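In the two assemblies presented below, chain A is common to both, partnered first by chain B and then by chain C.
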Partner chain A sequence: MRRLPYLYILAVFILSFGMSFIPGLDATRFDPLLAGQPQAPSLHHPFGTDDLGRDVLVRSISGAKISLLVGIVSVVLSTVLGVSVGLLCGYFEGVTDAIIMRLVDVLMALPTLFLILIIQSLWKPSIWNVVIVIGLTSWMGTTRLVRAEVLSVKQRLFIISAKARGISTSRLVFKHMLPHTLSPVIVSATLGVGSAILTESVLSFLGLGVQPPYASWGNMLERSVPLMNEAPWMSIVPGVLITLTVLSLNVLSDHARAALNKKERVVS
Partner chain B sequence: MSLKVENLSVSFSSGGHTVTAVDHISFEIPDKTIVGLVGESGSGKSVTAMSVMQLLPPQAVLSGSILWKGQNIMGLSNTQLRSIRGSEMGLIFQNPLAALNPVFSVGNQMIETIVLHQNVSTARARDIAIELLQKVQIPDAALRLDHYPHQFSLGMCQRLMIAITLSMRPKLLIADEPTASLDVTVQAQILTLLNDLKEELDMSILLISHDLGVIAQNCDEMLVMYLGKLIEKGKPSELFKHPMHPYTQALIAAIPSPFSKRSEVTHVLKGDIPSPLHLPSGCRFHPRCPKAFALCSEKEPRLEPVCGREVACFLATEATSNSR
Partner chain C sequence: MNITNGLYIKKFLRRLIPSLFTLLGISLVSFMLMHLAPGDPASMMLDPKLSLQDKALLKHNLGLDQPLWTQYGHWLGHVLRGQWGYSYVSGKPVLRAIAERLPATMILSVSSLTLILMLTLPLGLWSGYRKDTGFDKTVTLLSFVGMAMPTFWLGLVLMLIFSLKLDWLPTSGFLEPGLETSSFWEQSVAIAQHLILPLMTILIGSLAGLTRYYRFETIGILTQDYIQAARARGLSETRILFKHALKNAMLPMVTLLGLMLPELVSGTFVIEYIFSWPGMGQLGISAVFARDYPVLMGMLMMSSVLIIVGNWLSDVAYRWVDPRIS
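Up next is the complex of A and B:
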């Protein structure tokens, strides 16, 4: 039971990234014979087809790839940014820190979703815009976490002792302090992947994310809205997948937190 | 070539209060000597040690001067300090386990230090590290190098810290209660090791301790601190035989002796060390001093030379001026 979320995420990964190696599975291919009339799940189409006769299972797997890509790349971006700024603020304190942290407060107060909507409607909507915008609007939480950790780890004796050995500032920060700030970062990054996937779905649902004919869970949902009654499988499948993925990632981050805490207890 | 501290004061301010942890102290550490610094917890011993290395947090306000080889190191930039830290002055702590980064192996931290200070390749640094571990008597040195700090006992950790510090060949070693958390037998080993290494490397040592036995056995000169002030300094042999300041007398009387009976309770000072937020008027020791008289609460005694040492007590200075 505990392993279920891991298995689920692993399966989504393998299926979505492995699919491109299997010939004949094309998310954009449609069956002209079935167009206009969505088919209910059958042996041939286990999750049914949509109104253009495209296989929902194949599209879901292909959409998973895009969702995971957006989630992971944008979180890597925001984590790198957040950790760097956090280390800077925590180590140097003083005026630099005060200015940057007030800026962080302002950025945190901005409604991210609307910002993304504006940017996506100004420029041609693209998946990379989504990644960059999510990355650039979600690093502040990490900064706060890292800064707080640095402020506390700075006082620890091994840092003072390393300083007394004449070790340079960059080594002190990146080698000796960074590893001690990472436990909360790992937890928040895992959570971040889930929320980035949600943001991507919302954008695609609004037609501002992944553009057809490419599949994403969000734009599959969008397409299913007018057919909710006749073809419920079209909305249920991507909806359940989004929920399961985000839920699994949240559980994963919870496990990470517990594991990291245990480790810390052993060390100290 | 020595350390000369003149009129050093260190204060911390927080929430509108200013606490003076070290108040106008002056002392010298000549070459190849061991100077002992004693006092109760909170007397400012560690703050003194940290200010000599300029390692106090930025909130600390320092004044006075710290001359190292004639150069005032107070207010030097971080880069300038880095050339002094380690290669000129080394620091070891009371809690050696906490002084090593738990996420890196001991070898990693030693090699890092050796590469930095001796300008050698990593492979050569590893050999030097193994030699040093053997010198501080850690068995299976080559194997132990890859172990993490928590896999060592406290005594071993302290020897590791000494080995790391010695790899930088400092001219002055500041040992902040190096044996306080160790067993007596291990304590003896560490002190012997420090003495041997001092001879071998021509170091001077500032030995901080609250253990008067340790100080008496190892030091050439002894400084007694109370609430941030130096109150007596001189040769340990003389101070032990004939302590002049009532506080030094009390410290020496408090050493438990195996020959006294259990009923003969050793002299215990009344009260606690006062809060540095509300310092007593006059002599800081007067509320606890068994020999205090009216003048003590009014005027602060200065550290004055008395028979080959320095004491800050009216009784001591009076006694000598009367006998003159």
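Up next is the complex of A and C:
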């Protein structure tokens, strides 16, 4: 039972990235005979087809690739940005720190999803824009975390002794400070992938994210709305997949937290 | 008395001035973001058949032909005098356009907040108290699932089940067109019927956070020495749970509520949009699609003020509830 989320994520990864190697599985291919009338799940199409006669299973697997890609790349972006800004602010303090932390306050007081919607509607929506926008609007939490950690680590004896040994600044920061900040960052990054997948689905649902003919779970949901009553499978399949994926990622992050935080292990 | 008053004012100003700078920063960031983007509303709102001169005239009238800094200074100057401009779409003053949408949003957010508070506390308390039992595991599983679901999809599924298949509830909207003149009671019933689905959607998505939190707090509190002492004194379990554990688990609630506010603000946007609930969120999303700059600026500033005030209030409330924090 505890391994289930890991197996699920692994399976989604292997299926979605391995699909490209199987000939004949094309998410954009549609069956002209079936177009216009979505087909209910059958042996030939286990999850049914959509209104253009495209296989929902194939599209879901192909959508998984895009959703995971968006989730992971945007979190990598926001984590790299968040960690570097946090290290910078924590290490140097002073005026730079004060200015950057005010900017963090500004960005944190904005309603994020609304901001993302505005940016996406103004710039041409594309997969990479989605990644960049999610990445650039979600680094502030990591920055605060890392900065606080650096500020506290700075007072510890091993840092003072390393400084006394005349160690270079970059070595001090990357070798001695960075590793101490990593465990909370890993936990929040795992959570971040799930929330980025959810954000992508909202954006694509509103037509501001991944554009057709590419399949993403979000734009599959967008397409399913007018047909919800006649072809519920078009909506249920991608919705359940998003839920299972985000659920597994959140459980993973919970496990990581429990493993990293001994205090919590004692309590719960 | 005078000294304490002076202190309060000083404290107040120390909070207020940074907040004002934050707001200024927000307005600058959002203004630049919107106006630096390619394309402009003048060409979006116009008939493509219009002549170039007319287009230029319209841009001039809207002030869109001036340098960005001048436009921002102009906007700021007007806002400081209380003029937020007019919606490009409806022509209404921005503040009025937003104020018109306030009641529907308030109904939705106040009722969802109240229910979240009323439901999460007993759920979290009990699952913490009965840790690792079937009840706890079910609550944990359900709250995790609720958190992982895309809220808009949950809304659609609920709509499919309760409106389209079972036909128990209206799919969307606020009040049927024919009911504007009927009695207050009839209107309330109609609105309440429309409220159920969006409310359920918000609840299922946001029960998880606070429930998990209370569960965790309760588990922590129950291991404390004073609980052991209370048990040793022979106090009943209900008394321990409600008198000792509950009180302490509730402390950080105010802070959490303040922190939940931004998510509640932008989270309800999409839900309002799906259920055609005539609130601020729906206005915001349609303004996004129409590039209605004045309305967008107004909405962003209003929500930011709300978030800042929320954080602030939760800070004040926390100090008030827990006198140990100075």
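Going forward, the second predicted complex is superposed on the first by the 261 of 268 C-alpha atoms of A that agree within 3 Å, B and C clash if a C-alpha of one lies under 4 Å from a C-alpha of the other, contacts with A are read in each partner's own complex, and residues count from 1 in each chain.
Going forward, contacts are C-beta pairs under 8 Å (C-beta built on N, C-alpha and C of every residue); 3 or more make two chains touch, one makes a residue touch a chain.
The structure presented is a predicted model; accordingly, all values stated were derived computationally and were not measured.
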item: Fit or clash between chain C and chain B when superposed on chain A; value: fit
item: Which of chain B and chain C A:102 touches, first, second, both or neither; value: second
item: Centroid geometry (CA): angle chain B/chain A/chain C, rounded to a multiple of 10 degrees; value: 90
item: Touched partner set for A:140, first chain B, second chain C, both or neither; value: neither
item: Partner chain(s) touched by A:241 [first = chain B, second = chain C, both, neither]; value: neither
item: Which of chain B and chain C A:156 touches, first, second, both or neither; value: first
item: Touched partner set for A:111, first chain B, second chain C, both or neither; value: second
item: Which of chain B and chain C A:83 touches, first, second, both or neither; value: neither
item: Touched partner set for A:68, first chain B, second chain C, both or neither; value: neither
item: Contacts of A:169 with chain B and chain C, given as first, second, both or neither; value: first
item: Chain B versus chain C as contact partner of A:185, first or second or both or neither; value: neither
item: Greater chain A contact set [chain C / chain B]; value: C
item: Shortest CA-CA distance between chain B and chain C [superposed frame, angstrom]; value: 13
item: On chain A, positions contacted by chain B and by chain C; value: 267-268
item: Interface residues, chain C side, partner chain A - complex; value: 18, 21-22, 25-26, 29-30, 33-34, 37-39, 131, 144-145, 147-150, 152-153, 156-157, 159-160, 164-165, 216, 219-220, 223, 262, 265-267, 269-270, 273, 284-285, 288-289, 291, 296, 299-300, 303-304, 307-308, 311
item: Residue ranges of chain A in contact with chain B within the complex; value: 93-94, 155-158, 160-169, 171, 175-176, 179-180, 267-268
item: Residue numbers on chain B that touch chain A, as the complex places them; value: 50, 53, 55, 57-58, 78, 82-87, 89-91, 93, 95, 98-104, 109, 112-113, 116-117, 150, 161, 164-165, 168
item: Sites on chain A touched by chain C in the complex; value: 102-103, 105-115, 117-119, 121-124, 194, 198, 201-202, 205-206, 218, 221, 225, 228-229, 232, 235-236, 239, 242-247, 250-251, 267-268
